[in-house]
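All chains are identified by letter, namely A, B and C, in their written order; residue positions are counted from 1 within each chain.
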Amino acid sequence: MSGPLLQLSGVTCQFGGLKALSDVTLSVGRGEIIGLIGPNGAGKTTLVNVVTGVHRASAGRMLFDSRDITGIKPYQAARGGIGRTFQVVQPFPELTVIENVAASALFSGAAKSLRVAREQALEHLAFVGLESMAEKDAATLTLAARKRLELAKGLAMNPKLLLLDEVNAGLNNAEVDQALSLIRAIAARGVTILIIEHLMKVVLTVCDRLAVLHHGELISVGTPKEVVSDARVIQAYLGKRYAAKEAKNV
Amino acid sequence: MLWLQVLANGLMLGGLYACIAAGFSLVWGVLNVINILHGSLIVLGGYLAYFGYTLWGIHPFASIPLIGALFFVLGYLVQASVINRMIAAPVLLTLTLTFGLDLMLNNAMLVAFKADFRRLTLEPPLGTLELGELSLPVDRMLAMVLAIALTGLLYLVLSRSRIGRAIVAVRMDRWAAALMGVNVNRIYAITFGLGALMAGASGPLLAMIFPISPLTSSAYLGKAFVVCVLGGLGSVPAVIVGGIVLGVVESLASVWFGSEHAITVSFVLLIGFLIFKPTGLLGKKGFE
Amino acid sequence: MKFHIIAAATLFALLAAVPSFLGDAYSLRIGTTMLMYGILAMSWNFIGGMAGYPSFATAAFFGLGAYAGAVLQKLGLPMIASWMAAGLFAFVFAGILGMALLRLRGHYFAIASLVVAEVIREAVNSATDLTGGGMGLNLPVPQMGSIEAQAAYFFNAMLLISAATFIALFVTSRSKLGFGLRCIQQNEAAADMIGINATLYKTAAFMLSAVFVGVAGAAYASWVHYIEPPDVFDTLYSVKPIVMVLLGGVGSVFGPILGAAAYLALEELVWRNYLSIHTGVLGLLIVLLVLFLPRGLLSLAPRRWGMAP
């Protein structure tokens, strides 16, 4: 097992006249936590969508665990070990919490039968701290709980790569800290994580590396320290005052 | 030349089809409701014009504004009292609801007017205009002109009046419109009323050209569907384009395949568009 | 689960006893019609209730089944074999049709499925050499002795087909396919993302919604031994099953049967007494149903009774 887990080479994604992603080349190493940051509309969610097969790349190639995944369908990505959460949470509203997670486990191939899927679901719910809500309808959960359900669903797929799309949007400080410790625990299990985030505090404390997207282009990749002091990043996203403040801390 | 005649026939039909479909398209685009009643409303408008003419001598052209106003009120009331309760329900329920309402209206017409076909023949008949090799029945031409005029009037209302702009706003984004202070429920009722108005107003025009019977309402409904899918939802120009395309296609199909197959050809076209280009030639897709 | 099985077995046992108790041709005719509509309603549940795609294609499958069965019988194939073949034909047809239609959603899917029946009706109407076109198709009248015996035969035939449909519905609702369809119905995008091959699942549901309808159509043709396009492709064959499922309760296992029975009881009552306003009353029923009881009669009963597992 060598080489990066995910390798994007020259990936472009075009919608009509708009280039949402432009010639993106990026490697994600096994076991690392890489943050994807950039202004709104930079193409971060599009990148995740392309990797998971929701959108087709108009050019370029993608390799996952040495397999070519360019042009796969979403269900194939799910079964192949790529899990993701949605920015706007997407539960199955009329199923219970545990059924939601069991569905994930069953259809991604992590569990072979519904019974096994339910057992696994209970474990994942315990991991994210939702086991007390197992029999509740997913639609009745608070936002923070839904985010954790989303996380549990992602985990239930036994992914090698987990793509987190703004898991912290809408959470207060305490909830964000909880989410952070969960993310670290997931990484400790050996899952590679790519996290889209706006909260710099999250990204700087938990990520091994950062990648910065701007107008669909990758303008900087490196350690948090390197990226935060990168002039292009400062101009596009961070702003001088913030960068100066962080440069002192990092 | 045969082709010119076919084209002329197609255009005359097309204008009528655009008018038939305009109200239907509006309701679908704004309320996300497919109004199965539409066809029956057209037929009812036709009957009212027929009886207005044969019993009281009211010329069908003159009855258009009267019928239109009446249907606006009826449509408004039906929407506000019945349809609006289900406005957020899934497609299945709203479709079934308007289907049920249509069954009621259609049955009522069958009982009241019987199924036999009636013809609204004008005395004296308007005759035919001979233009070179073209034979243009005056009543059809006038009907087409009026149909286009009505459709154009709708366009003006939507683009110039305050209510019209509110309707368009609700179609684009009902939440944003509500935040802007638009009373969305009232707009829904008004829009449905307008849709009913357009249906009722087309009735007299069609009655002058085609025989009327409650049995024809599904045919008109089918044409409205096809026009909306061909042209696309979301604007009056789209409806006009769709109407003309359908008119010309039907005219051609009548010549090539025989008039009894013209409808099938249009349905095949409909399915083709649904599969390959649901947004239609000009429009945006309706809400799903 | 046990409850459902016992209830179902009891129900079908009771129904099987009907010809012995109510042997007159008239009652059997009503019963056969009820069972037939039960098949249509249960079948619709696969695609409309479980997958959430509002299909109006039932009439297309019914008509195709009727004509396939009739034509095969005229060509000499034994009756039962014709029925099976008709079901298979409908099954395969739905698979092909599904590939084209199932990427549509909501209204577009509903309209497309509705229009398909119209187009097929026209096609059958035109293929006069094969189908007799507008003049209809006569089938060999089955020789079974008395009228009562014939009525009982077809009653039992529909009973068997409906039992098969019920079993298929029941098994599917508890299977991985059923679970997947429920996920698709609630959030198709999320279903894709957790590894459900939505296209495959929807197509399977669509095909299942066609196969028993096709068999029933062929059985119907043999039963009435004269069919014509406007009869077997009638839009009401698409609409009435939906009304029945709505009446009984969408997505549930017993809902369709309950709805079919309730609807037909009502229809018999109204039809017998108020023939001329028959469709109007149906319309009123539909409107009231949709406005006041959108989850069907079963929503009035305790949860355990009818809802999917």
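What we mean here is this: a residue touches a chain if its C-beta (ideal position, glycine included) is under 8 Å from a C-beta of that chain, and two chains touch if they have at least 3 such contacts.
In this text, all values refer to a predicted model and were calculated from it rather than measured experimentally.
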Chain of greatest Cα-centre distance to chain A: B
Chain pair with the higher count of C-beta pairs in contact (B-C, A-C): B-C
Most centrally placed chain - per-chain CA mean versus overall CA mean: C
Centroid distance [mean C-alpha coordinates] between chain B and chain A, Å: 49
Length of the line joining the C-alpha centres of chain A and chain C, rounded to whole Å: 45
Averaged-CA centre spacing for the pair chain C and chain B, given as whole angstrom: 33
Complex contacts: residues of chain A adjacent to chain C: 52, 54, 73-75, 78-79, 84, 86, 90-95, 103-104, 106-109, 114, 153, 157
Chain B residues touching chain C - in the complex, by the definition given at the top: 28, 32, 34, 82, 85-86, 89-93, 95-97, 99-108, 110-111, 218, 222, 225, 229, 261, 263-264, 267-268, 270-271, 274-275, 278, 286-288
Partner chain B, residues of chain C touching it in the complex: 48, 52, 54, 100-101, 103-108, 110-112, 115-116, 118-119, 122-123, 126, 235, 239, 242-243, 246, 276-280, 282-287, 289-291, 294
Chain A-facing residues of chain C, complex: 176, 179-180, 182-183, 186-187, 189-198
